[in-house]
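For reference, chains read A, B and C in written order, and residue numbers begin at 1 within each chain.
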Amino acid sequence: MKKRNAASMALVLALTLVLGVLGTGCGATTQEKREVNVYNWGEYIDTDVLTQFEKETGIKVNYKTYPTNEALYSSLKSGGVSYDVIIPSDYMISRMIQEDMLDKIDFKNVPNADKVDEVYRNPEYDPTGEYSVPYMWGTVGIIYDTKVVTEPVTSWSILFNEKYSGKILMFDNSRDAIGIALKYLGYSYNTTDKDQIKEAVDLLVQQKPLVQAYVMDQIFEKLTGGEAAIGPYYAGDAVTMMEENPDLAFCLPSEGSNIFVDAMCIPKGAANKEEAEEFINFMCRGDISAANCQVTGYSTPIGEAYDLLPEDMRDNTVMYPDKETLAKCETYTNLPQDILDFYDEEWVRLMTD
Amino acid sequence: MKARYISVPYVIWMALFVIAPLILVVIFAFTSEAGGFTLEHFARMSRYVGIFANSLFLALVATAICFAAGYPVAYILARKESVFRRVGMLLIMLPMWMNFLLRTYAWMSLLEDNGLINRFLTFLGLPGISVINTDGAVVIGMVYNFLPFMILPIFSVIEKIDRRTIEAAQDLGANSLVVFRRIIFPLSLPGVLSGITMVFVPSVSTFVISRLLGGGKTLLLGDLIEMQFFGNAYNPYLGSAISLVMMVIVMVSIAIMNRFGEGEEGAMLL
Amino acid sequence: MIRKQAESIASSIARRVSGAFGNVYTGLIFFFLYAPIAVLIIFSFNASKSRTIWAGFTLDWYIKLFQDSGIMDAFGTTILVSVLAAAISTVAGTVAAVGLQNLRRRPRSILMAVNNIPITNADIITGVSLMLLFVSAGKLMGFTLGFGTLLMAHITFDLPYVILSVTPKLRQLDKHTFEAAQDLGATPFQAFRKVILPEIRPGVVNGLIIAFTMSIDDFVISYFTAGSRVETLAMAIYSMTRKRINPEINALSTILFVSVLTLLIIVNVRQARQERLAEAAMLKPPEEEV
């Protein structure tokens, strides 16, 4: 009996060892290699670009993703991690600069940063332009299934329409979700008036019974697969979803919406700063940025890349809305700590209702 | 034997990696963001009463269902011939070799409004079910994931019950119901208690199942804790305080429960 | 007399019905346990990426899987950490269990209580507390979370299972055999290897299997302790569940699952055959608890 046990155990171990060696063998990791640890949003890159970077520079990319700006902030704050490149959004960048979480980028090593359009230089969130290099930009709008929603969609109100109960998706992060309610009520995204925020969350509490699920990237499957019919999300991802399911449409609500820039930064204490700068420089190359745009559907801040895009993308008003529409959009700014705490508190109230 | 000292490395290891981390949790729970001593995090706890209540309730429901569904299986299998017994046990443990996140995700495919179960029901001309993104789906996920932890300990105690005890009772005129009520069930109690612990604890602290099957609509304790470390509301001090309160609640309930039984948990885990 | 006969017939029918009912019931529970697994396996052959709509048969995911360095890396990490953690904790745990056996009652029961903490505590608390430790220690000593901390965490939650599985076997052991062996001139190590180890081997093997399974299956503790550079398969799957699961993962899980299943079938068929032979020879081997 014992012998048999030992034999079976040996078999299990042998099998797993073989599979393991296979696994690590295919991964081909050698210790001496230069590496760069990249932490990016989910579904926010053309993964072939990473392979190309590895091939051209010999630097190994350890690539991980996060679902929200706040999750990125938390995992950096929690400590014990070391990333070399992160891609937060505007308001999070200004928070990180304030809290001394970012390293200045040595632009000598990032010559391609010059390719970034003038409009995106020295932005409000990084006034001196020393900490960030824009990666992509976009807007937030409503994506809906035209087979279910046959009426014209022009306003955030559709997300609160009882007719679509159980078919509505909502953002699973407080800033975007509460932001929508604020805009719908006619307030600013960046209000520090607690009564306005409370009113917005009350609206979300009312909306909750109509909501099928609070999601981030899960929205891809739920909308393209027809599980849900309406949801707010980022314009770039809308483009990707509409490619997959032609029944989907996108609307930038008339009340106005959010316009954001996500930019590449180097967190304090990055172990591979040189490699990080090389990576950022690579991402600014026209052909690379264009490749990323084509896969993600987001909009590029690099003119050279824009010119390389296929015509239907350049003319796509979801990706590149006209100036009038953009004028109605508002950026997020960093909120003071007490308002951030209030957001958390109110979000918990919504979740436990 | 003089071999006592060979356990020293183990003792040091456990002190470093089991005791010290828990002490750190306690320290963090009483530390303010500025670094001083505070009770503020516990004062804030009242805000989370709803989450505590909901988590405990869902975990209790899941545990009750696991017990009701799992006990008969353990009982039936334990009384089969040895070949069936072994195969049965292997079949119950085997799913653990497929990642639980994937299996839970597969439940999403099954339960969705356009999911496989509903497709099948529509195919039969029956009305569909709408379970996904509700507390019901979360409970299904808990029961699914933790049912084996209920069956295994109960099985291993019933299996060890001396058959002669049962035969003796039968010879003395006890019918099968009496045998079960007076002999088998009381003797299986340690397994039941261990099973309840092993289902309740992971259920009350899960953050994956609620997220995948609950559609992010219900925040459970696990979600709340995870949120303070890697999620949308960074506050490790508050997270530690919530962990501490949860740990105390769980330990007290286990202690109370074990008062009723022999309390020989652990020994029949697997 | 007739009544008694009728009663016994009734009860035997009842038993048979309840037996049949029991089998059906057990079958249903197994159906419940295996339905999602069947779904995963079936859809690993699906020609499209959809999780619910069948678009034809393909083996593409199985081919792509081996070219996907991300998944293969994660799989390699999982296997490596599980094998190392299980092996280390089995050796260390067995030695420790022997030592614990020789302690006086009081310290032993305290240590057993500590031993049970990682088992009864919620995974998320074990994970969070270890993360706090590693991060604090890392700040002092200048290291970050990575494979090392992941491995330490795994050893920490594997060890108690090894102790729990070895200790009962040690208790059954005659205390004096070890001393007797030493009296006969064996060194303590020889005595351990030649006298104790053969007796407790089933417990050690069982502990090894449990430890390995626990490590393979773990997500929560790894999630908190692995840091930024390493990723286990479970962590990779978790970040995928936030968008969509790559069917390559289904393919990999199917391969793993089928391998383990095949292995178990082979071992058990052999075991059953040998048992039947033994029974035929009226030499039923003593029952062994595993």
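Operating definition for what follows: contacts are C-beta pairs under 8 Å (C-beta built on N, C-alpha and C of every residue); 3 or more make two chains touch, one makes a residue touch a chain.
Being a predicted model, the structure only gives us computed values, none of them experimental.
For chain C, the chain with the farthest CA centroid is A. When C-beta pairs in contact are tallied for every pair of chains, the largest tally goes to B-C. The mean-CA centres of chain A and chain C are about 37 angstrom from one another, to the nearest whole unit. Centroids of chain B and chain C (each the mean of its C-alpha atoms) stand 16 Å apart.
Each of residues 51-52, 131, 256, 260, 271 in chain C touches at least two other chains. The set of chain B residues that touch two or more partner chains comprises 112, 114, 229-230, 236.
Across the assembly, chain A contributes 75, 78, 225 as residues in contact with two or more other chains.
Residues of chain B touching chain A in their complex: 47-48, 50-51, 54, 112-114, 130, 133, 215-219, 224, 228-234, 236.
Within the complex formed with chain B, the residues of chain C that make contact are 11, 15, 22-23, 25-26, 29-30, 32-37, 39-40, 43, 51-52, 92-93, 95-100, 102-103, 111-112, 114-126, 128-133, 136, 152-153, 155-156, 159, 161, 163-165, 168, 175, 178-179, 188, 192, 206, 210, 213, 216-217, 219-220, 223-224, 233-234, 237-238, 241, 245, 249-250, 253, 256-257, 260-261, 264, 268, 271-272, 275, 287, 289. If you check the complex, the residues on chain A that touch chain C are 1-2, 4-9, 11-13, 15-17, 19-20, 22-29, 37, 39, 42-43, 62-65, 67, 75, 78-83, 216-218, 220-221, 225.
Within the complex formed with chain C, the residues of chain B that make contact are 1-11, 13-14, 16-22, 24-25, 28, 69-70, 72-73, 76-77, 82-83, 86-88, 90-110, 112, 114-116, 119, 144, 147-148, 160, 175-176, 197, 201-202, 204-205, 207-208, 212, 222, 225-226, 229-230, 236, 239-240, 243, 246-247, 250-251, 254, 265-267, 269-270. The touching residues of chain A, when paired with chain B in their complex, are 68, 70-71, 73-75, 77-78, 166, 172-174, 208, 211-215, 225-227, 344-345, 347-348, 351-352.
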